[in-house]
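Common to both upcoming complexes is chain A, partnered first by chain B, then by chain C.
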Partner chain A sequence: MNNVWVTAMGLVAPLRPFDTVETFWGALTSGEDSIKLQAPPLLNTNQKWLTAAIETEPVLRPEDKFFYIAEAALKMAIGDSGLSAEELLGADMVIGSILGNVLSRERQLIDGNIQNRTVEASLSYPVRYLGQHFEIGGRLSAISTACASGTDAVGIAARSIATGEAEVVIAGGIDVLSDFALAGFNLLQALTEDKVRPFDKKRTGLALGEGAAFLVIEAERHALARGAKCYGRVLGYASRADASHLTAPHREGRGLASAIANALSQSGLNASDINYINAHGTATVYNDLMETKAIKLAFGEAAYTTYVSSTKSMLGHAFGASGVIEALCALMAINTGVIPPTINYRYPDPQCDLNYVPNTAKATPVGAAMSLSAGFGGQNAAVIFARRPQI
Partner chain B sequence: MRFFDSIDFSSPADIKNVQGKLLEELIGRTSLYYKDVFRQNNIAPNEIKRVDELPFTTRDDLQRHNWDFLAVQRNAIREIVSTTGTTGQPQFIAMTEGDIDRLAYNEQRSFTYTGAKEGDLFHIAVTGDNLFIAGAAYYRGLIRLGAAVARVGPQNTIRQFDLIEKLRPSAIVAVPSFMLHMARAANELKIDPKDLNIKKAVLIGESIRDMSLRSNALGELVEEAFGDICYSTYGITEGQVSFCECGQKEGLHSHPDLVIAEVVDEAGVPLDDGEIGELVLTTLQIEGMPLIRYKTGDITFKITEPCKCGRNSLRIGPIIGRKMQRLKIKGVTLYPKTIENAICKLKDVVNYQIEAATGENHSDRVILRVGSLRADKAFRDGIIENLRAKARVTPELEIESPDSINKRLYDGGARKAVVFKDVRNKD
Partner chain C sequence: MTRLAVAGVGAISPAGVGVSTLAEATTLGRCVAAGPISETNVAVLKKIRRSAAITLYAATAVEEALRDCGVSGFADCALISGVTNGALNFSADFHHTLVTEAKETASPTLFSESVLNAPAGNASIIFNIRGPVYSIIGGQSIAIKALMLAATLIETRRAQRAIVVCAEERNELSSFCYSRFNPKAARVFSEGAGALLIEPVDERRPINPVELCTITGYAAYTIPGSPHLALQRAIDGALSMADLEAADIGVAVSDYKTATLFREIPTLSFSDCLGYAFCVSTMWNIILAAMACGGGCPVNPLFAAGLKKYAKHSEINHVIIYAAEEDGDASAIILSRVGASS
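Moving on, here comes the complex of A and B:
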């Protein structure tokens, strides 16, 4: 892949204010923690959970918040792109989401009133709805590959540009907090009651988050012809499965290492050319160890000279949206020369021995960056971005 | 007043035990203000087991009820000091004879951390009058230690050099930016500051360390000139207490028998080691105006793990800014000190003032006014590049003559240079 550009970005994430990518990035690189003890979205219980929630005024129910943040983020990306109505009508869109709006009836289910069906609820409904709302008339696809959904959406979009199938593809990720997800992750004992401490010896698990993010991915020729901005090029993407367990990652990081190695091979870069890895970094004991092993396996010695950070330490785990949010972070690191930190990092784990950019952002030139996702069921994805060469 | 000279080396459990007893004494014998607070909050003093069960005291509380904080009869007062009023009206602190002894003990202990000892001669280049607590505290602490003192105060640099040459002090107590001023003056006088043979510099009022506890730009400049002789300290008038680095220079040690220090978040929840929040102090063994969970407004982090020096006392990191001075520029949170540190090492930057005004879209508008004899594009670009790299923001930049900036710094007859001018709408 060498003719694929990212020409626009938009997102809504838990860090206030939600107005621009620039302010989001400012807050993120300041190490702002959006994770707080909060009540679940719907259930009226005394139990509170550590979550990274997008606070709206007035408070919205999850199904309304889903489309509210999706529309706001997509509007931001389209505004940033400068694409004409005609170009939008010809564009494809691919959206990664774990739950889509299938839980739209969660309130009715909780109330035991399942007959009152007022909305269409499915994994593919959001992309169809947004396509209709913004008059995006190309191929509309929904991707649901667990926590790798967002990264896969970006990779699949980039691949369809690289193969010449499309000239403009909007890649997005959307998911919101739900009682179902909180209960599920709680049953899996994946949630922390402490801080989210990725790669730290005392890490105890993740906090769930939510968000919506979109990238406009475009053929270089098309972008140059219309004078578009270039936030970076997509140079490589690979998706690989662990093929080992229903929920737990492969202990040695087999699938993720393979995804990294394949993405690297496709990019034509050496591991040492990658300055920054935005890690999956959930802060579960198994993920962070597996991910460290996978990076070392694929990068060799270069693993120790590459900065690795987890923005989930500040944003929580936004399910299917996290892959696109983190791809955006990798692109912003390239564009600003600032690497966001892994916050709450206090006690080094001898088995997790890479440079995790502890607690404060690092200002350093970033020529190429990689974003990783590792989902339940061993679905792994890696995507590589690089700075546009000087012309 | 009881002196626990080696408490720092006690086990954390023993330290906690001593602090628990001293806290009990504090709660049982406090001021009218706290008696009211306890009554209003239905707090039974004898039921309090931990400091975090108590309510906070704010600077505003102290300002509005200043004399209600007095826990002794007025005729027991021996000295009155005041805060500088940098971020609000000055607050008066009344001290008893016991408090003055406590202050001396506090500073003696701090100086001990730096390796100061009987026979040293300290040149004190900070003021000892004008209601400032610091100069008097250093003076009394050093006398208690058995060291000799030259109370020079903030004299001009010629006088400072003259006295240093004649008295040959082994150590100096000064504000870091004054040390820098001395270094620049030495350069003009063709004196190598290292030849002054000062072995130790105890630096007050400004931090010379960054978040990773290494020297910040100001610290580097002072150390480049004078050598690796600097010890950073933090002191607070209201708490009548100081924190000081030991030879390891890995944070500022507290005195566990004089203060309980916490770091809390915006919601007042105590934070863990390394987490950045507001420093909160509960003073121990103060007779005149004891304070309970006083929110200092100073932003830092704490370190509870034992220090390599063998002490188990809680340490704090550098003060990275004052809560009231926190700036938000396009999402980036920072403090004026971050901007200062980004530019203070730049050649040709003579002086500067940072002004914050209310901006749009939840963002502050920040104007950096730099005093320099240069105003060319390369100079301007250099400043902007440094701000981007080190502070991650680019405030509006105005370059003026050093004289013009000097007028701004002392506008309205300010007794202290106003480096950060805050005109934000506080509503």
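Moving on, here comes the complex of A and C:
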């Protein structure tokens, strides 16, 4: 199997406007909260919702924002990568998204557009559009595994490199706020009207967010040959299903624990080698309890000495994009030696008894970090990154 | 490379429940696509009464593929779902309720069952499939890409075996879109599902010693705006992987209309009979090809009617199934009769 490197990153996320990943990271590790009370994008209702929205000038409709933030994030990642036009032509791309192109399809029908738009109406159109726009000429894939979509995109990309199917794969996640999702999560009673408080005893639910993030994932041999930088190696990845319930996690964290254990096994690391876990950490009662149980099940005693934090406390839940955003956070923790906090944490939950890095970032060396995701359909995914060894 | 066998198949189509109805309809050339599916698997239906039709179809096909293989479920099995449009009827109902009524009156089921991975999620629950579960999105070629992902999972030992399922439901919105935006296509839309169970040939369990065929080559390419070129590369890639020449192929199966890819080889399409069901059409093509390969020599009756004018093709050792999209996405897969060499 080939060694797998992450050689570039780019994202657009809530928080104050930023041009670089470093600026984003500075805001995030200072505990900046992007979640505010806002009106839904389309539906004409009086109710406001706590959401983490990306502000654009001018204000964009959701279907336009989807492509706007995707282009901006991918441009940042490609710029960071230093890949030549020729290398991009040979690169593959895999994008994870829950909504995909649903919003564009709705818009075209509403507008009664009678142009030949069969292609643009297809759900996998975003990956084709981005491939054509940035002249990425390899295989293009779209994956939708609910809230695990982004992590699965990173994992599938890394697997392609490891098996020698590809030398460069761009992995991304994109999703935007929509009335459809807000109303749906509200009906499932998953949204909070309070602060987002992951792992806190008084947590009451999640706030939805949006974003786009991309990682350039590359074979070590290829990266070394072109003198690319290395943000970290991908050492392990696994996806496992709960096979339990469509919308609720397995109460004992069976699927997530299995994903963690499988990813660890692949990586060749012990649980005690993982210094930081970027948790799924939605702040719903069931997710956070399940996730804590899963980490304990897979890590044993090492669970209590590993830092665990939820960046969703600041960024909200960006659906399919969250997995890539959080993978990027895990890589930045490795590169900067700073672990982002879980903000709004006040009351410890006796059942959630790990070290959640409450409220203030923690400066500590991070040799290896794990990012976790879970989603509808009983989806669970875990990916492990590690510092590049000294050569 | 791990040799993979197609060990189980399952389907539901306007012809009815089961691959036998699919095969019978295509053998007789009976057109069954005029209406929606009216027959369902009652046992499966009981487990997912509140789910969308697409989930019912997916679960029905998976159940038959597992049963065909002699098992009722696998903990260490992967499930890969190919989706083109998803549960658009539930999505439309949810939107309609949100816009025309108070948002609190909408059923949460309409939301959760309309996510693109709902068919795969429900199937994993019903059949206790706990390995990697993925839903990948695309057009007709996604069925082959789903098989390729499943093959990679087995090859890298992330799963012992894999179920690949494609499902679609008839929907006014998608029918309207495709008819209005592409009037020349004049397609009869269809719905249903198809599923395959694949596993390594060398790890066959004695419970089902009969394998339908082996998967010997596959490839996919995306060249935006150039579907024909992408398809040619995909076919070349699949032939190269299988170590075959084009002349070794006994028959090609595809709904992609092109006259130049295989001049000497008969190309069959069943969409006139079964209708156009997006990614499911390709999966039905693969299932029918797998059954034909399983029949081996002489030509399986399934293909006999379509092959009459090609007298020299008295046997089928290798079948290529390919698909391509307007947007430049193309894929190809080669199935070979067990024991057939290149």
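Convention: the second predicted complex is superposed on the first by the 372 of 391 C-alpha atoms of A that agree within 3 Å, B and C clash if a C-alpha of one lies under 4 Å from a C-alpha of the other, contacts with A are read in each partner's own complex, and residues count from 1 in each chain.
As a working rule, a contact is a pair of C-beta atoms (placed from the backbone, for glycine too) under 8 Å apart; a residue touches a chain by one contact, two chains touch by 3 or more.
Fair warning: this is a prediction, and the values are worked out from it, not measured in the lab.
Undergrad: With the two structures laid over each other on chain A, which partner does A:352 touch: chain B (first), chain C (second), both, or neither?
TA: Neither partner.
Undergrad: Based on the superposed arrangement, let me know which partner A:295 touches: chain B (first), chain C (second), both, or neither?
TA: neither
Undergrad: A:187 contacts which: chain B (first), chain C (second), both, neither?
TA: In the superposition, A:187 contacts chain C only.
Undergrad: Which of the two partners, first being chain B and second being chain C, lies in contact with A:176: first, second, both, or neither?
TA: Neither partner.
Undergrad: Could you let me know whether more residues of chain A are touched by chain B or by chain C?
TA: Larger number of chain A residues touched: C.
Undergrad: If we overlay the two complexes on their shared chain A, which of chain B and chain C does A:30 touch? Say first, second, both or neither.
TA: It touches chain B, and chain C stays clear.
Undergrad: Once the shared chain is lined up, is A:163 touching chain B (first), chain C (second), both, or neither of them?
TA: second
Undergrad: Contact residues on chain C for chain A in the complex?
TA: These residues of chain C touch chain A: 79, 83-86, 91, 94-95, 98-99, 103-104, 106-108, 111-113, 115-118, 120-122, 124-125, 127-139, 142, 145, 149, 152, 155-156, 158, 173, 176-178, 180-182, 220-225, 325-329.
Undergrad: Under the stated contact criterion, what part of chain B meets chain A in this complex?
TA: Its residues touching chain A are 211-212, 272-276, 329-334, 361-363, 389-390, 392-393.
Undergrad: Could you please specify the touching residues of chain A with respect to chain C in the complex?
TA: Interface residues on the chain A side: 43, 45, 98, 100, 102, 105-106, 108-109, 114-119, 121-125, 128, 131-132, 137-146, 152, 156, 159, 162-163, 165, 179-180, 183-188, 238-247, 254-255, 258, 262, 375-379.
Undergrad: So in the complex, which bits of chain A are touching chain B?
TA: Residues in contact with chain B: 15-17, 19-20, 22-32, 195, 336-338, 344, 346, 359-361, 363.
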